[in-house]
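Below you'll find the structures, each written out as structure tokens.
Shared chain: chain A. Partners: chain B in the first complex, chain C in the second.
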Partner chain A sequence: MDRQKVLLFGAAAAVRLLLFTAFPSLPHLLAGRVEVSTPVTSFKRLQEGLFLYTHNVSPYDGGVYHQAPLLLPLFSLLPNPSYYPFATNVLFTVVDLLGAQALMQIADSGQSVKTRLFESSRKELRWSSLAMAAGFLFNPFTIATCIARSTSALTNLFILAAMAKASQGASITFVFAIAIASYLSMHPVLLFPPLLLLCYHVRASKSASAPSLLSFAIGHAGALASTCGGLLYVSALLTGSWEFMRATYGVRLLLPDLTPNVGLWWYFFTEMFDSFREFFLGVFWLHVASYMPGLTIRLRKQPLFVAVTLTGVFAVFTPYPSIADAALYLSLVPLFRHLFPLMRYTFLASATILYASFLGPAFYYLWIYAGSGNANFFYAITLVWSLGLSVIVGDSLYAALRDELDVERPELKGKEVKRI
Partner chain B sequence: MPSFLSLLLLSIILATVSAGSDYTERLLLRPLPQSALLASFNFRSNDSQLSFEEQNFRYFPRSLGQILQHAHTKELHLRFSLGRWDAESWGQRPWNGAREGGTGVELWAWVEADDEDEAFSRWLTLTNALSGLFCASLNFIDATKTIRPVMSFQPEGDHSNAPNLHLLHGTLPHEVVCTENLTPFLKLLPCKGKAGISSLLDGHKLFDASWQTMSIDVRPTCGIDGHCTLEMEQSVDMVLDIDRSKRPRDNPIPRPLPIEEIKCDTSKGYNAGDTCYPLDKSSEPSWNLTEVFGRSLKGACPLTDQEGENAETVCINTPPERTVDVNTTGSYIESRAVGDTLRCYKLPTGHDFDLNLPSQQMTTGLVLPSPPLSAARSINGHGQERGSIQTVITNPSPTSAVEFVYLESLPWFMKPYLHTLRARISASPENPVLETYYRPAVDRLRGTHLELRMRIPAASTLTLSYDFEKAILRYTEYPPDANRGFDVAPAVISLIDPAASDGRGQYVRTTSLLLPLPTPDFSMPYNVIILTSTVMALGFGNIFNLLVRRFVGAEEVVAGGGGLGALVRGKIDRLKGLLGK
Partner chain C sequence: MSTPEGVDASSAPVTSSDGPGSSSTRHGAATSRRQPPPEPKDSLWLRRAVILSFWLVVVVLGLPVWWKTTAIYRAELPLQTMTDWADGKICKPVFPLRIAVEAPIAQQDAQHLVRTTQHALDDLNDFSAHHLRLMLLDPPLAPNASQQVVPDGSILEENDKENIALLVRLVSVETGTTPRSRLQPYSPTLDVYYTANQLPSPSSTGSPLATFIAHELHKIFAEEQARLAYLLSTTSGARTAKSKSLSAETAAELERQSTRALKYAPTYHLTFSLFSPTYLPSAWEIEEALQDYLSPLLDSFRSISNFTVDTQVQLYSTFSPSMRQPEYDDVLKAWTLRKEDLSGFINAAEWPLSPSIGAGPTVNFALYVPDQAQSPLLVKENGGNSWLVPQWGGIFILNPADAHEDSTPSFLAKDALAPAMHAFSDQLVSLLGLPQSPASLPLRLSTLTRVRAASLLFSASSTLGALARLYRALPSIPVPDMVAQSVDLTAAHLQHACDSLREGRFQGALEHARIAEGEAEKAFFERSMVGQVYFPDEHKVAVYLPLLGPVAVPLIMAGLKELKSMTGSIFPKRSP
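Coming up: the complex of A and B.
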């Protein structure tokens, strides 16, 4: 087992480092792809921010750098990636390997099939954690994100770490990881309530006397708030002012940069009438946030499933999604292997995803380079991509609810059901 | 070489047209190679600072004066330009480039204000007022097109008694300069285009020129005695194509000469009765003022000096052997200077004046001074996503290095990556960049401002390049001709030359660039709103439908229990129950 893991991790690292060294122009090419790098995760923009930071110009007093301030001192420790890319490449490879390690911990915890309050009737249907890690490490989307050195790889790592720690009941590291993920890209804060519930369940099942849920929640929320506040305060100290808030979270909230990406927001707000822009920004953000309470309440017995579904929602409905978000979701879905027999549209969804993955770059080329297509070509493919992912999200949710029903009412197992 | 020296002398003479009198004007004509003609018009008027402050305007135009007072502007430079100066064949720029602007409109001014916000609000006042005065879109110079240069521009006037000056600079590279800008320009002159050299300025010819620039410069000058005057200088420089200008207005289409009239190079093998390799014309073309300017010169402006050097208002700079015939009914005075290469004329008042230069075979020519630097800027790369700018600056001097400041003012939707900035000198590993000033753009709020102080060794070429990314705009932010692209203002290169002492500096400007941006489909807003909302509604509806409904077995549902019928039946039952009570 251990030998296999070493082999797997070694192979994954070798593939990445080989791609980095054998195709030195590949990172640059991928970093320029709109599907991989968004304005808030692009490595080229990070380099620009680093350049300005090391030359004593505030990187936030400009329209290019929109990433978290603490990335600046971290990456300024590494040698300049324009000339000595090796250290950065190794860093991103290690980030992926750590993510895979966290994913294995989630899978090993078994929280996907058996929680304190719920035990699936199909729980023997599982894939090994090694297979899960392999699915993550050799997912082409993950590899592309790693080669493009997009900082969403870091966010993904901390989301995975938060899930892993929550499913082990390790409060402190869980709060710390979710705080860093939220600090890096803001929307992971929505994962906090389901993961808090998960952490609570694990802790309650481990100890004889379960702590009160309310005091547990308040304590952890306070810890999260103080950790985030601490991170923001250190950032303000580092950059000398609070203007980074407007340039990082403000950009995610208000979408001033309409660079195309695989999401639904950019073309909508390119074409939006000026007087309705603020209204629809509010509606879209509310829409993203609205999934969290509904899912958490309805599926309170399976909080890990809620967290995974939320990462799928993020991959579709956040302002700057990329294939990195989809890679995270698609690597987490196999945790629920036992739900696959209950899913109805697997062929449709996977065909849609494949269709969009191949036609997306082609249509983008037609629009931007060949000039034989217009913006609608790429827009249409982002619609298909979003539709495909939301079909997976919806379908897996159906399967999860059906699975819960089978436990509640075993007599209905295998029978046709209706929703009323 | 003697003629080269004489040209230097000439420029000094022209530059020192004394500020003693209150109004002077001068036209310098200089035939250039390839039958081009440079015409430099220069008008200067002085008013004492005291009378200006008391609103006593004599030669200084009241309309402009009151704008300057209202906007607290102490020094003003306004440029309207078109075309490209061909430095390879025309040599050094007139006034060393100090009286020209980039393509379109360029404005910079020193505004007196306590802080930056007040300076900017006064700058907006100034641009809006000037916009009305010159019928130009200067009011579109907003925060995104305004920069505050730190190294490139130095004040020309004396500002010892005004401590809180703010320099602001704005450009409109897309502005098309045309006759509606010339009319207000001429109205500022004391003779208003009715007499004097300004009577030659005709919109049709001026804006048909290969290159033209109109400038207005206002600056305070103070003598040693502490007496200050406000000097306003207006100049028009243009390069006319003589052949093109001579075409009659009713028949402007050039037609090939009949083959009998073309001189053929008979040494070429394929020369035959019906084919021809035309010989270069070696003779100077014939022209006169009325033909090339489309108007006749209506005698001297009576407000100019009647005596002395300033009375000679028309000068022509040709080799001494060139025949220049004067055609006038009045009395004129011709004087020659600078080894007879400069002939100046004192015009008769009230009589038409014309210079007639017949076609002539020349044996000597003027040596045109070569420019201190030549610069070319272009956009590299393809596609509408990203690209890179490349500027090639050449120092032709074999002996001396040149130090200069390179200024770029880029629109916000062109996002440069400064970490990709590379400056290389041919055949030398040293870094030419001595100092950098960079203020990055903020989306929709301000443009990029980049200034580089650089040094380029003798006889070498500097290549400057950086990558940029093109932003996609909101569909309302595109102009009606969105697919034409957006204009990027020319780069301004100002030389740091300790030898130049005329206080105006030396400038070289590149041409403006055309930047194509990706465009959305402008006919789509409703479709996009509908389609995107549909996808979101599908996701949201599906998930919330699952969340709020309950699963039951299919056979547990009462047959016919769903739908409208059951609803109506339920209502009826309820109503019956109520009535039965």
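Coming up: the complex of A and C.
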């Protein structure tokens, strides 16, 4: 088992480093693709910010860099990636391996099939953690993200780490990981309530006397707030002002950069009447946020499933999604292998995802380079992509509810149900 | 197997059919026959909590966002004041002109003369807004007289001197027909020659001299009165009642002049262009010519507008192909252009006459030197060689003076340009709307000042009125604070301009009216207001409904259903 893990991780690292060295222009090419690099995660923009930072100019002055300030000292420690890319490549490879490690921990904890309050009737049906890690490491989307050196790989790592730590009941590391993920990308803060619930369940099942949920929640929320506040304060010290808030979270909230991406926002807001722009920014953000409370309440017995579903919602409905978000979600869904028999549209969803993955770059080429298409071509294919992901989200939700029903009323197992 | 209807199926309310093999019809029958098991309490509350959580997001976060982001900011505007300005209720422009009288006679006699002349003048005047007021100036030759305190206070203060419209200088002569008058062309002075016996006797109430002066003054200001009356009658219906009636031909003449003149602007750009169909002439002494012939004129206009001057030489400038080519006329021994072709003379497509240089209108002056083969070139109907294009500029055809030479001169000296420059000056004067009479240029300029001040006043006022109407008519447009500030500034400067007019400080009135006009235009054409004009309220349905309808319908339906079941459980129906 251990040898297999070493072999898997070694192979994954080798593939990445081989791609980096065998095709030196590949990182540059992928970093310029709109599907992989968004304005808030692009490695090219990070380099621009890094250049300004090392020349003692505020990194946000150019209006190009929209990522968290604390990434700058981290990357300024590494040799300049334009001349010595190896260290950066190794860093991103390690990030992926650590993410796979966290994913294995989540799978090993078994929280996807059996929690304190719920135990799936199909819990024998699951893949090994090694298979999960392989699915993550050899997912082409993950590899592309890694090669493009998009900083969303870091966000993914910290989301995975937060899930892993929550499923182990390690409060401090969980709060720390979710705080860093929120600090980097803002929207992962919505994962906090379901993961908090997950952490609580694990802790309660481990100790003899369950702590009060309210005090547990307040304590962790306080810890999260203070950690985030501390990170923001350090950032302010680093850049010398609070201006970075506008350049980082302000950009995510207000969408000033309408560069195309695989999400739904950019096209909509290029067409939007100016006077309604603010209103619909509010509507879209509330739409993203509104899934969290409802899902957490409804599926409170399976908080890990809520968190995973939310990452799927993020991959579709956030302002700057990329295939990195989809890679995270698609790697997490196999945790719920036991739900697959209950899902009805697996063929449709996987075909749609494949279709969009191949046609997306082609349509983008037709629009931007060949000039024989227009923006609608690319937008249509991003709609298909989002549709595919939404079908998976919706279908897995149905399957989870059906699974709960089977536990509740075992006599209905295998029979068709109808909602009244 | 038929599929369940929604992915968010609640777990509890389910029915089971007889088995996997049952047909769909039997399944339907089974549903109606067998009641579903009662919903457990906790799943009921769970569902309510889920629906409530969505509703909370909508109500607690969504409504404030909606309220805050779609609120239209409308700055408060003083609508009543603006309408009053437009209706002319606040300011009734009056033009009290001070006319100084300088008489080398005794103080009492002079005052008596002034008084009788004023009476005669008032009898002649039928336009109440335009009022000539005579004042006795200290006779400079009699220093002892100036020490006296004049009872009616008509001794002029120092700062009033520049506001004197006209100086009437009485000169006693012995010879020639008397009384006679002479208006000095380059100073606002009217010399009146009289003999001593024409002075009114202290006891009489009228005298030939007084009547003569009154008639002369009335004549001098007749055109100005006509212009102002025309302005008052055209700008607002409310004012016509008070204004003096104009004869039809005067009105038509003023109409013609006003359509010819350019709109008032603080800065005009003058462009002088030399066009030639060949390579000659390639140089002209334009700078010196402008310096000599035009600069004095421009300097005298300086108090009203500023000017910038550009020049250019364009060789090989041919007529546009659509224009009828000049024909040779044997009678005139000249090449002729027909009058109806003059409008096509300027080849707008190829001649580089830029329509605008910076802010403010451009006045084009084109000097055309015809080819030797087509020289002299004249207008067929009247043999003229220059004409004016209304609100655009002027054209002058310069036929080389020494026609016996074989070729066009390569260089146009200052003297050769003189007739062109005179023509251009005349054209500029009428393009700027300077009145034709009286003969004195300073008087005409001050007339122009008054007319311009009044027209700016009216235009700014009517812009305010239009803005007020717009504000009332379109309640959906946003009105930023900038507009309110501009409106306040406009009103303040209009008030200043009006006061200045009443006090006879016409230059100050023009300054204020100019600022008021600029601010009023800025307020009316504020960019952020225009965007919403073409966005009626009905379009909001088209924006909200397709985007929010699909979200709202399930939310509302679920909420209603839960409310119904809750009221049902609180007040249970009596079952039979």
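As a working rule, the second predicted complex is superposed on the first by the 420 of 420 C-alpha atoms of A that agree within 3 Å, B and C clash if a C-alpha of one lies under 4 Å from a C-alpha of the other, contacts with A are read in each partner's own complex, and residues count from 1 in each chain.
Rule of thumb we're sticking to: a residue touches a chain if its C-beta (ideal position, glycine included) is under 8 Å from a C-beta of that chain, and two chains touch if they have at least 3 such contacts.
Being a predicted model, the structure only gives us computed values, none of them experimental.
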Fit or clash - chain C, chain B, common chain A: clash
Tell me which partner A:Val417 touches in the superposition: chain B (first), chain C (second), both or neither. both
Which of the two partners, first being chain B and second being chain C, lies in contact with A:Arg344: first, second, both, or neither? second
Of the two partner chains, chain B (first) and chain C (second), which one does A:Ser226 touch, if any: first, second, both, or neither? neither
Of chain B and chain C, the partner touching more residues of chain A is B
Partner chain(s) touched by A:Ser241 [first = chain B, second = chain C, both, neither]: neither
Looking at A:Gln4, would you say it contacts chain B, chain C, both, or neither? Reply first, second, both or neither. neither
After the superposition on A, what does A:Phe279 contact: first (chain B), second (chain C), both or neither? second
In the superposed arrangement, does A:Leu397 touch chain B (first), chain C (second), both or neither? both
If we overlay the two complexes on their shared chain A, which of chain B and chain C does A:Ala375 touch? Say first, second, both or neither. first
Check whether A:Ala289 is in contact with chain B, with chain C, with both or with neither, and answer first, second, both or neither. second
Residues on chain A touched by both chain B and chain C 273-274, 287, 290, 294, 298, 394, 397-398, 401-402, 405, 409, 411-412, 415-420
Give the list of chain C residues in touch with chain A in this complex. 1-17, 19-20, 31, 36, 46, 49-50, 53-54, 56-58, 61-62, 65-66, 68-70, 478, 531-532, 535, 543, 547-548, 551
So in the complex, which bits of chain B are touching chain A? 382-386, 412, 415, 417-419, 436, 438-444, 469, 471-476, 518-521, 524-525, 528-529, 531-532, 535-536, 538-540, 542-555, 557, 562
Interface residues, chain A side, partner chain C - complex: 273-276, 278-283, 286-287, 289-290, 293-294, 297-298, 344, 394-395, 397-398, 401-402, 404-405, 408-409, 411-412, 414-420
How about chain A: which of its residues touch chain B in the complex? 32, 34, 44, 47-48, 50-52, 55, 57, 61-64, 82, 256-260, 264, 266-274, 287, 290-291, 294-295, 298, 313, 316-317, 367-369, 374-376, 379, 383, 386-387, 390, 393-394, 397-398, 401-402, 405, 409, 411-412, 415-420
